[in-house]
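You will see two complexes here that share chain A, one where it goes with chain B and one where it goes with chain C.
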Partner chain A sequence: MSRPPSVIRQTIVTPIILIVVLLAMAALSYQFGSRAFNRTAIEMFINIMVVVGLYAFVGNSGLLSFGHISFMCLGAYMTAWLTIPPVMKSITLKGLPAWLLHTQLPMWVATPISGVFAALFALIVGRIIMRLSGIAASIATFGLLGVVNNVYSNWDSVTGGQGSIVGIPPTMNVWIGWLGAAVAIVTAYLYSISRSGLALRAARDEEVAARASGVDIVRERLVAFVVSAFIIGLAGAFYAHFLSIVNPGSFYLRTTFITLSMLVVGGMYSLSGAVAGVVAISVLIELFRDLEKGVSVGGLTVGLPNGAQEIAIGIITIVILIYLPSGLTRNREFSWRNWPLQRRRLVPPVQTALKETN
Partner chain B sequence: MRFDRIRFDRILGILAGAATLWFAPAHAADEIVVGFATAASGFMQAYDKPAQDAALIRIDEINKAGGLLGKKIKPVFADTKTDQAEGAKAGLAVLDQGAELVIVSCDYDFGAPAALQAQAAGKVSFFLCAESIKAGIPGVGPSSFSASVLAAVQGATMSEWAYNKKNARTFYRLLDSWTVYNKGICDGFDWQMPHLKDAKLVGSDTFKNDDASIASQITRIKSLPKEPDAIMLCTMMPGAVSAIKQIRAAGIKSMILNGSGVDGSYWLNAVPDLSNFYVPVQGSVYGDDPNPKVNEFNKKYKDVTGGDPSSQYVYPGYVLIDVWAKAVERAKTTDAAGVVAELEKMNNEPTLFGPRTFTKDLHHQNQGRYLIVDTEAGKPKVVDQWTISEKIPVDYLVSK
Partner chain C sequence: MTLLDVDDITVRYGRLTALRGVTITIAEGEILFVTGPNGAGKSTLLNAIAGVVPTATGTITLDGTRVTGAAPEEIARRGFSLVPEGRNVFGGLTVEENLRVGTGMRADRKKITDDLESVYQDFPMLAERRHTTAGMLSGGQQQMLVIGRALMAAPRLMAIDEPSLGLAPKIIDQVYEILMRLRSQRKLTLLIVEQSSARAMMTGGRMILIRGGRIVLEGDAADMVKDERLKQAYFGFGDH
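Here is the complex of A and B:
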């Protein structure tokens, strides 16, 4: 009897496909896109980081989180503190500790630190929140978002309060954006095939059985929470370099809901879904933005009224969810076999339970 | 299944298709392009649109008078959608269309991403009406300006004017900590207070714009041994209306001093018979500006847009094009270096809406002539004008 192929052998194509397709997009954008279009591409890559980070937690644990954008906030501000020239910091951010006030690190050092900072924070708060389950946990994460936003909006001497802090070096281009997305995808992939990831997915699909098999659900959720916070912290750092100004308003409800809807539209239980959701929504947004600007037809410019894009995206999201409630990818992963989508090897959970009881 | 198979290719197809649509239209050599990276949708539109209309009126006037350096000014537009990331793209979009001047959103936070792009491209940028010190050199760079006057000047103007003209000696400071603009007004007030001999701050309190009730703040004012002469109210719409209403409903009759953010008569029927209420403005929208040219402008604005200016925040848009065009004429070029140098030479340069001064350290107004609008029995009217006796130091403003 031959051994079944290892988990990696079975699943490694998914991240490879995703990364290569994104690389192709980056190359197309770099080659043919205007500067504004390239920024759209970078924004899409950063959104991929966020949504893939969300997937690492939501997809594997099955718990919806409304609080992950607070990790983006933590990462972005940490990057701001580490990369803004000390001369500027000493005027606007007087409350920073002296060692931080006099530090200026390059992006390649500051970004991982920002990710680790967000992960550490997640480790501390996650120890409490992850004990909750179901909707209680989701609401608790929402509370987390509110707390972080309020602290960052009002701690004037350290965060600059409601206002923006400026001076983050604008070191961002399509290739770096792509690299960030690739790192996020690889991290989320490695987590999901790890022992912890598999155990957590088992608990997601069949909690009682997983517990009976010795899965410590609270612990595995915490691991997922920390991993996703790390990825989203990195995304926050990228976002800070992308915009070169940060303010707490960027990391609140609007971002929370747009990224969650990207995940849900793509298919929240698959990595391919996370990436596809971002790409699909970003492309649609761009398309409608162009239509708003107007298309010339024989010397006449026809355009949608301003604001039509937001309405259209809302409607399209609803329509997608009506016809494909489990998202564009139907929670499956991209793979060579059965191109482009392969059915997940997991049998639907309810059936499993029934079969086992029978 | 059919859907599954085509989706993947379709996404790529759309992306590639969209990419080919991006081609910047070339502009003619006899035109000077001015780019508006402003909000045409979202909440900032309410602030950007009126000022932008005023800017377009000035552009039209210049074009009718023969243009700038013999060329016509051609405005191009990109919508920021009241979003920072979109703002940066809008900035790039107008730059790609050849903009020599990039005009950005009224608010620093929303305007800065586009202004930073203009700065990086070596072009001059102007905030339509931002009133934070950051909207300029400290927050964008050496080619960035704002057409309005710093919020701090409003607080400083009102307190000094009330001290000198209304004999106010006891002040109460009530800050709505919602925005940087509100804090700016109170920063100016704080700076001015020690300069006013015998003036006393009898209390200080804060609230948030969306607080439904400010009863506890009012109780603290009521419990003072004597009602203060003046309340410095650092707030803005929409919360201002509720706060003012509550203060008056509680029977507090002190004069209320404000920033320009509450200018306009559109909300006055919400507080019937409001009196003893003072607002600093750069020009009057009530048809009684001491400068007849301002009243002419108001008429022109109504002809073009179909409505009267709703508040004084229309005017900085006009000022912006006015001072920039003057600088271009003097520099005989639209190159940033020449234009910035000419702008920085402006010292009390007269405009329809008060003089403008720009220096190497400050691309904003830390002193400025304000008209004082007094509202009595619900009727606003210009009663005075005031220029603060001393400029607010740049160091103080930056450190706030």
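Here is the complex of A and C:
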């Protein structure tokens, strides 16, 4: 009768399915995709990391955050500081402390450091922000985004200011992208089934009842905030290696809103939703990017005007949310039973079932 | 031995005073019913003890420790478990997850699994539905779940706000039957808010009647029901 790990047994299928499906996508892209297509695939994997990181906080706590892209910024710049050859750094980033200026680490060392750096930063600011609730917390995270962006845009001697820092080794490929997405998915999954994740999801549903059950909401929110910052910090590091340039403008409003809409379109309270949302929106972006370039019809090239992509994605997002307000996955998880989406509603409420207690 | 000592507390919501100088004591193993008309301050009393609403004056002592002004989670850790009004299960979580949240603050992980099994023994209906989303349970089942969840915290004093609200009479009987069984099995002390004084009389125990934020009657439930003053206090006849 006693089955302690039943929570894991019930839910482990979800991350496995997600990771295997993504592996198949990586393999197909590697085998058949053009170079440009592969870059789109890498970008999609990085976005999966960001959105899954967002899910770890937003999905479990129910608080919307506009500030998480600042962790991506932190991770990306930390990677830049750690991996650009010292010769280049001494010209462009004179303000760096000597020990950092003369360090050059390989990607597999610099990336975890970047994630931990973002997580530590989240631990410090989160102690304050997590005391707030509801819209106040969301506005505070928005403030965080603004502050971080301002510092990185203007601290010229350390961040290169508005300009870009170049020289990050371009070591990304589809497989590393897939690996990053897998790490993000596993981390977010483990968090959401942990005691802290469970307590936070309970507080999301019923705050008073959760507190009366002994849940310290501020503390659990902080844990979620740090975990999500770590994942997104890693994503920032990968993004830096992907573009081999960093620029504060990449980590601001546009990225914030695209990633949030990916999360909302997929279904913000489920891990499957986070991944599905990124895949769906990425496919749309790619489709409209091609349409903007033009399609040749009998010698004539017909193309959409530039900017049509953003408008179309905005409209499609609205349409999806009108018909599926809880997202494409309707906040459910992928599982084997009831393929493809686990219905958690199989047992109908039975009024007379209480007889069984006698 | 006195388990809970509420001394002269006052609770205000803005300019509205919900409780005025309420004093109660509960001895270990006792049942105390809190009755009274709507808006009398019954739920406020429970929420004040649980730390969900702040008290303006007075002190609350739980098991010899002053808990006035402490956070709800802190008070829960000291052995006070509140089952709030309206059967608020964590709707998005499964039955088992709901029960596990009840243990959120406990360190003895090994014992948690044992407790889970013992709650399932008390409520076989929950065991069958352990992987069902709590939001899909019926009203009676949800009431069982929130009681089971409160038990997972291994409380000494359990406070239940209107366990019979919106349930069919037959189901209410079952809820009380289970509460009484748990009380004798686990040596629980119970503080129950109950609109129906007849129910309190049937069950037995001590009863207080609150009206307009004050305790107007106090005594043995069985005796009080016969008391003409109960009706007066409820309906406000006479010279209040």
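Everything that follows uses one rule, which is that the second predicted complex is superposed on the first by the 337 of 358 C-alpha atoms of A that agree within 3 Å, B and C clash if a C-alpha of one lies under 4 Å from a C-alpha of the other, contacts with A are read in each partner's own complex, and residues count from 1 in each chain.
FYI, contacts are C-beta pairs under 8 Å (C-beta built on N, C-alpha and C of every residue); 3 or more make two chains touch, one makes a residue touch a chain.
Keep in mind that what you see is a predicted model, and the values were worked out from it rather than measured.
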Problem set entry | chain B versus chain C as contact partner of A:Val7, first or second or both or neither | second
Exercise. Which partner does A:Ser157 contact after superposing on A: first (chain B), second (chain C), both, neither?
Worked result: neither
Exercise. Should A:Pro170 be classified as contacting the first partner (chain B), the second (chain C), both, or neither?
Worked result: first
Exercise. Which chain makes contact with more of the residues of chain A, chain B or else chain C?
Worked result: B
Seminar exercise, completed: Listed in rising order, the residues of chain B that touch chain A in the complex are 3-5, 7-8, 11-12, 14-16, 18-24, 40-42, 79, 81, 84-85, 88-90, 92-93, 95-96, 108-109, 112-113, 116, 120, 132, 134, 138-140, 177-180, 183, 398-399
Exercise. Where on chain C does chain A make contact in their complex?
Worked result: 50, 52, 71-73, 76-77, 81-84, 88-94, 96-98, 100-102, 104-106, 113, 117, 123-125, 128-133, 136-141, 144, 146, 149-150, 153, 168, 171, 174, 178
Seminar exercise, completed: chain A residues touching chain B in their complex are 21, 24-25, 28-29, 32-37, 39-40, 43, 91-92, 154, 161-164, 166, 170, 242-245, 247, 249-250, 276, 279-280, 283, 286-287, 290, 292-293, 306-307, 309-310, 324, 328, 330, 334, 340-341
Exercise. Which residues of chain A touch chain C in their complex?
Worked result: 1-2, 4, 6-7, 10, 195, 198-199, 201-202, 204-206, 208-216, 269, 331, 344-351, 353-354, 356-358
